[in-house]
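Quick one: this structure, given as structure tokens, is what I'll be asking you about.
Letters A, B, C and D mark the chains in the order given here, with residues in each chain numbered from 1 onward.
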Amino acid sequence: MNNLELISLYKSLYLIRHVEEMISKNYSKGQMRCPVHLSIGQEACATGLISNLKLTDKVFSNHRCHAHYLAKGGSLKKMLCEIYGKKNGCVGGVGGSMHLQDLDKGLVASIPIVSSSIGMATGNALYQKRRKSNEVTVIYLGDAALEEGIFFECANFAALHSLPIIFACENNMFSVYTNLKDRQLDSNFKKYADAYNISYKRLDGSKIDEVYKKTKSIINFVRKNKVPYFIQMDTYRFKEHCGPAVDDHLEYRDQKEVNYWKKKCPIEYAKKLMKRKKINEKKVETIQKNIEKFVIKEFKFAEKDKLPSYKDAERFVYV
Amino acid sequence: MNNLELISLYKSLYLIRHVEEMISKNYSKGQMRCPVHLSIGQEACATGLISNLKLTDKVFSNHRCHAHYLAKGGSLKKMLCEIYGKKNGCVGGVGGSMHLQDLDKGLVASIPIVSSSIGMATGNALYQKRRKSNEVTVIYLGDAALEEGIFFECANFAALHSLPIIFACENNMFSVYTNLKDRQLDSNFKKYADAYNISYKRLDGSKIDEVYKKTKSIINFVRKNKVPYFIQMDTYRFKEHCGPAVDDHLEYRDQKEVNYWKKKCPIEYAKKLMKRKKINEKKVETIQKNIEKFVIKEFKFAEKDKLPSYKDAERFVYV
Amino acid sequence: MSKTEILFTDAIKDAVYQSIKKDKKFFLMGEGVSDPSSMWGTIKGVSKKFGKSKTVEMPVAENGLIGVAIGSALNGSKVLINLQRVEFALYAFEQIINNAAKASYISRGKHNVPIVIRLVIGRGWGQGPEHGQSLENIFSAIPGLKVVIPAFPEDAKEMLISSIFDPNPVIFLEHRWLHYSKGKVENKFKIKKLSSFKKITNGSDLTLVANSINLLEAFRIAKLLRKYRIRLDLLNFCMPNPFDNNLLLKSVRKTRRIVSIDLSHKTLGLSSEIISTISDNKIKLKTFPIRLGLPFHPVPSSRGLVKNFYPSGKNILIAIRDALNISDKLFRKILNEYNKSTKKIPIDVPDPYFKGPF
Amino acid sequence: MSKTEILFTDAIKDAVYQSIKKDKKFFLMGEGVSDPSSMWGTIKGVSKKFGKSKTVEMPVAENGLIGVAIGSALNGSKVLINLQRVEFALYAFEQIINNAAKASYISRGKHNVPIVIRLVIGRGWGQGPEHGQSLENIFSAIPGLKVVIPAFPEDAKEMLISSIFDPNPVIFLEHRWLHYSKGKVENKFKIKKLSSFKKITNGSDLTLVANSINLLEAFRIAKLLRKYRIRLDLLNFCMPNPFDNNLLLKSVRKTRRIVSIDLSHKTLGLSSEIISTISDNKIKLKTFPIRLGLPFHPVPSSRGLVKNFYPSGKNILIAIRDALNISDKLFRKILNEYNKSTKKIPIDVPDPYFKGPF
């Protein structure tokens, strides 16, 4: 990974972090009137992997989709308009924050029903395989998604038909407030991949360099061999499950654990990497400033954008 | 396994075989007016395991439930009346052959939707565990049942809560006409059990001695330790998937394979065992004759039994 | 327009083969899609002839299966899914309702889901509580799904082709007993606009609404009544979702009398929507609308128990008598002729009349 | 009979705690059943106080979860299941429809399935197409399920207790916005017979049927209209399944006018069954029945898009005007007073009126 690459990764990471912080900050003004599941803490899982994808590769996501959408190059303007429920939202305001999609950029669909997008993603990979295309499909899933039966149905199918799909699992060890311990036997997901003879790799989802380098070769492997792959990225969500705040006062997770992961903050980590690589700090600051300016501009646009007309509500039920 | 045990097992095996043959023979008379999924060829999977259960242990089954029902001591009279759609059927004629149950004998429910009874069985095991009872639950499933997501959902739950449940999988390598090869990666199901750290044993489902002996210790183990267990029994269905006939002329399965398994016929195998143990052949014949007489009697009863009254059709929708 | 008399199953097969020819992106998916039973013969030979290029054999995992079909279809593949019984689709309600039905709406029309889910429904030979439902009212309550229910062999071909080439997800409900019926079917490939109602016989005395197997019975009755100068406007309610009520309202404005027959339970059945639509549109009827359908309990297996379960020809005639105030004398005559014309057959096998040809 | 004014959520909590006390075999099951959010506070402290003896934390696997609940319940355990949104239950339709609804029927009453599935439904704060449905019409179309829909805090307690102690599987639909409402609630534990309708106000001019959040609006309107000597027979349609129409028919025989409001889409909604039942029973109305409900499209997220989506107080008043032929002059007066009495609030937050106390 050269410095240019690192800087480019940092831009993506910082964009995601900053957008999410801004949502968090401004949410209480009551203009983003839909549930939001922030990705703060989990940015490297999105950026590290997705940065290795081609524009034509496809990504599917879940309720926590902001980071995936932005990492894949989705329009920030359209994302914010969507969250604000405005006309220029990426789906015109019908979906809200949990249904982000940007077809031009290959973020095909985000579905807020746990595991629900796995089927669609697998079907997309089937399509790629049947067409003998060179694309790959990435399906992002949380640790809880491994509890829904449809994951296994699709893993079986993907393995049986040898489909070019990457199951990218962000293990933040929680489903809402419920610890992984209360839902699965242990936190090593290799066992699920093994059940279908699917290749598996476990990564530290806080480390952008690790995720980036390792997923680069995985993606090449999948693209070349047309096989499924399971990537477990251990990570942590810094804010509450849904909403703009922090909820650690509810004591559903160990404060030591929280601190441990906060120390591993993916943004700070990336900064350290840049320092080590002697990337000029000024330059980094400029990058951040530019991103901040851009983000403010898009927020302003979204705030001022019109609400969609109620007449559009009845359109597109059928094609 | 002493001779008495072997004879008792043979009685169960022969009863199942003979009943199924009689259904097959008489089906074309058009009086058993419901789909039938015969267990011919798979008898040892039922008898071998279930003979080790206590009356209070519970069995759940699927569409191919005749053998499980009979092995658990279910009333033949009520079973035949049910298949004939008569008043004295085990569920009064509402269910037909795929919904056999005999609560007094611990055959709790048979459900013809693939994998659908797994949830109920797991819940039953949860109940047993919570009550600190000494019972165990057995859920019979076909190889195809391992493709439905609910199997994994329940395996996870059973493992997580350490429930006394035995997943008794009869692998006859087919789902209707579709070969296991076209549905799963391979025929070793250990991988699924491993995914949940569930103990696993693979048995030759044609060999009554093997199934009986091995499942005896497994059942003891489960009863004592309150843990799930996965037993794979390889077996073969001799008749068509659904209906009274043989459908090998359709060439969906290899004739060599058919012949291989027919040679391993569980009834013939049990006979050989008895011979080896010097059990008097006359005695065996007498056993068979008695069973045949009994079966004929019950068939006659079922044929003559009344149809249920249509007025009963609307009862019991609600308790 | 040349037609040939063929079986319902062959009409489906025609539709499948012609669709394969017409569109490279069309393929079949399902449990047993390549097996020798081939869904009552309706997809016979497809797998042998075209192999994996046109058929994808599936594990027994309905929710995953439909999800995979949706994912393929998003890219413009047209996918025909076969499930042997409507109940198996219950595993897949999540994908059908969350994704298939809503993808177009959520994406503002950018996603199309051109899948057809063939589901076998209905009565016969002791199928029982979990193999004999039809659930068309449930599918029809979901915006974004189309629900298509063929009756005649001609419908089967025409409507299946139209469903396959429709960009929306279509639930295609085939009654088990229809597979044995025969009728004249257009030879050529033709895409027709799907609509909720199709006029079967023309008359101004009473509007009779039915679909699937019930339509065949209704048709026999309409023909019988014509002899007695009772003329029914018989409507095939072949696409309950989306529900366009034009033809229905036109008919009822003319006849001002209606009998509507449900395949499913009467409660919250399609007839309830028909009756409500009529009153929404402030159409004054001369007599109260009558609906027929299944009582509110699961489908029992034994033929003893289904005796009064399905609406019979006699039930339909009685409903018509009540709606039209037919005199007892005339009614006895009609019923007599009806009884003579029908063969006494067991309740759990199809009436030979249903075999056609139509 | 002593009552205390409490929150809807506390009424639920009361029901849960009192049921735990009453029946050793009762316990709770669900995703997050022991988490600090505790379903809007409705099961707060249960896990802490009683631990695993009364709560079973579940993986995120709804079909398995409901299956496990059914299996436990077959043995006489009473199980209360919590799902945060009705849509999550779509994964579990297979277990709900195949097993929960049919176990009693198939076993000829030997199996009972005393489970209650609490599902949060309805509008609010941009929930969107997959987090804002209610689906009560779909559950009500399944024989063997009971469907219970509380409106007032008093209902919440009384009906939840009655559901828990009902031997049948109950779908318990809680509108999100009701959680903030307050009302007088009976302190004691009491099991009452669940019935389809509950009379809320007595009147002979028009029958108004509503449930859940719509009932609160209907109640406000009924009270307002009384000032103008328009007296509504207001019915809480609190158990659509099984459907016993006694009280409804009695009311309509008296008023001969009806307006019925659906939580869900109008198409195949509960009102369609109401209207059909009335005509099944040959009740002649003085004016056409009117139904209100959601148009036939998914629930959009943006407040801009839901502007005309939910039936408003004004819509209800207009329907009543039409049914009663209220003069324009009087209607303007009424509407004026209604508008004055209601605060101008954004469409995606609950009207303060809904907070009660009732």
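Keep in mind that, in the parts below, contacts are C-beta pairs under 8 Å (C-beta built on N, C-alpha and C of every residue); 3 or more make two chains touch, one makes a residue touch a chain.
Quick caveat: nothing in here was measured; it's all calculated off a predicted structure.
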Under the touch criterion given at the top, what is the topological distance in steps from subunit A to subunit C?
1
Centre to centre, by mean C-alpha position, how many angstrom separate subunit B and subunit C?
36
For subunit A and subunit B, let me know how many angstrom lie between their CA-based centres, rounded off.
46
Nearest whole angstrom, what separates the Cα centre of subunit B from the Cα centre of subunit D?
43
Multi-partner residues in subunit B (2 or more other chains touched) are 92, 94-95, 99, 111, 113, 147-150, 153, 156, 160, 182-184, 317
Two or more partner chains touched - positions in subunit C:
58-59, 61, 63-64, 87, 90-91, 94, 98, 105-106, 129-130, 143-144, 242, 296-298
Chain contact topology (line, ring, star, complete or other):
complete
Name, in rising order, each residue of subunit D that touches subunit B in their complex.
27, 56, 58-59, 61, 63-75, 77, 94-95, 98-99, 103-112, 143-144, 146, 167-168, 242
List the residues on subunit A that touch subunit B in their complex, please.
147-153, 156, 159-160, 182-185, 191-192, 194-197
In their complex, what parts of subunit D are in touch with subunit C?
63, 87, 90-91, 93-94, 97-98, 101-102, 105-106, 129-130, 137-138, 140-141, 143-144, 242-243, 264-265, 267-273, 275-276, 279-280, 282, 288-289, 291, 296-298
Note which residues of subunit B are touching subunit D in the complex, please.
91-92, 94-95, 99, 101, 103, 108-109, 111, 113, 116-127, 130, 149-150, 153-154, 156-157, 160-161, 315-319
Provide the residue numbers of subunit C that touch subunit B in the complex, in ascending order.
31-32, 34-37, 57-64, 87-88, 90-91, 125-131, 295-298, 300-309, 346, 348
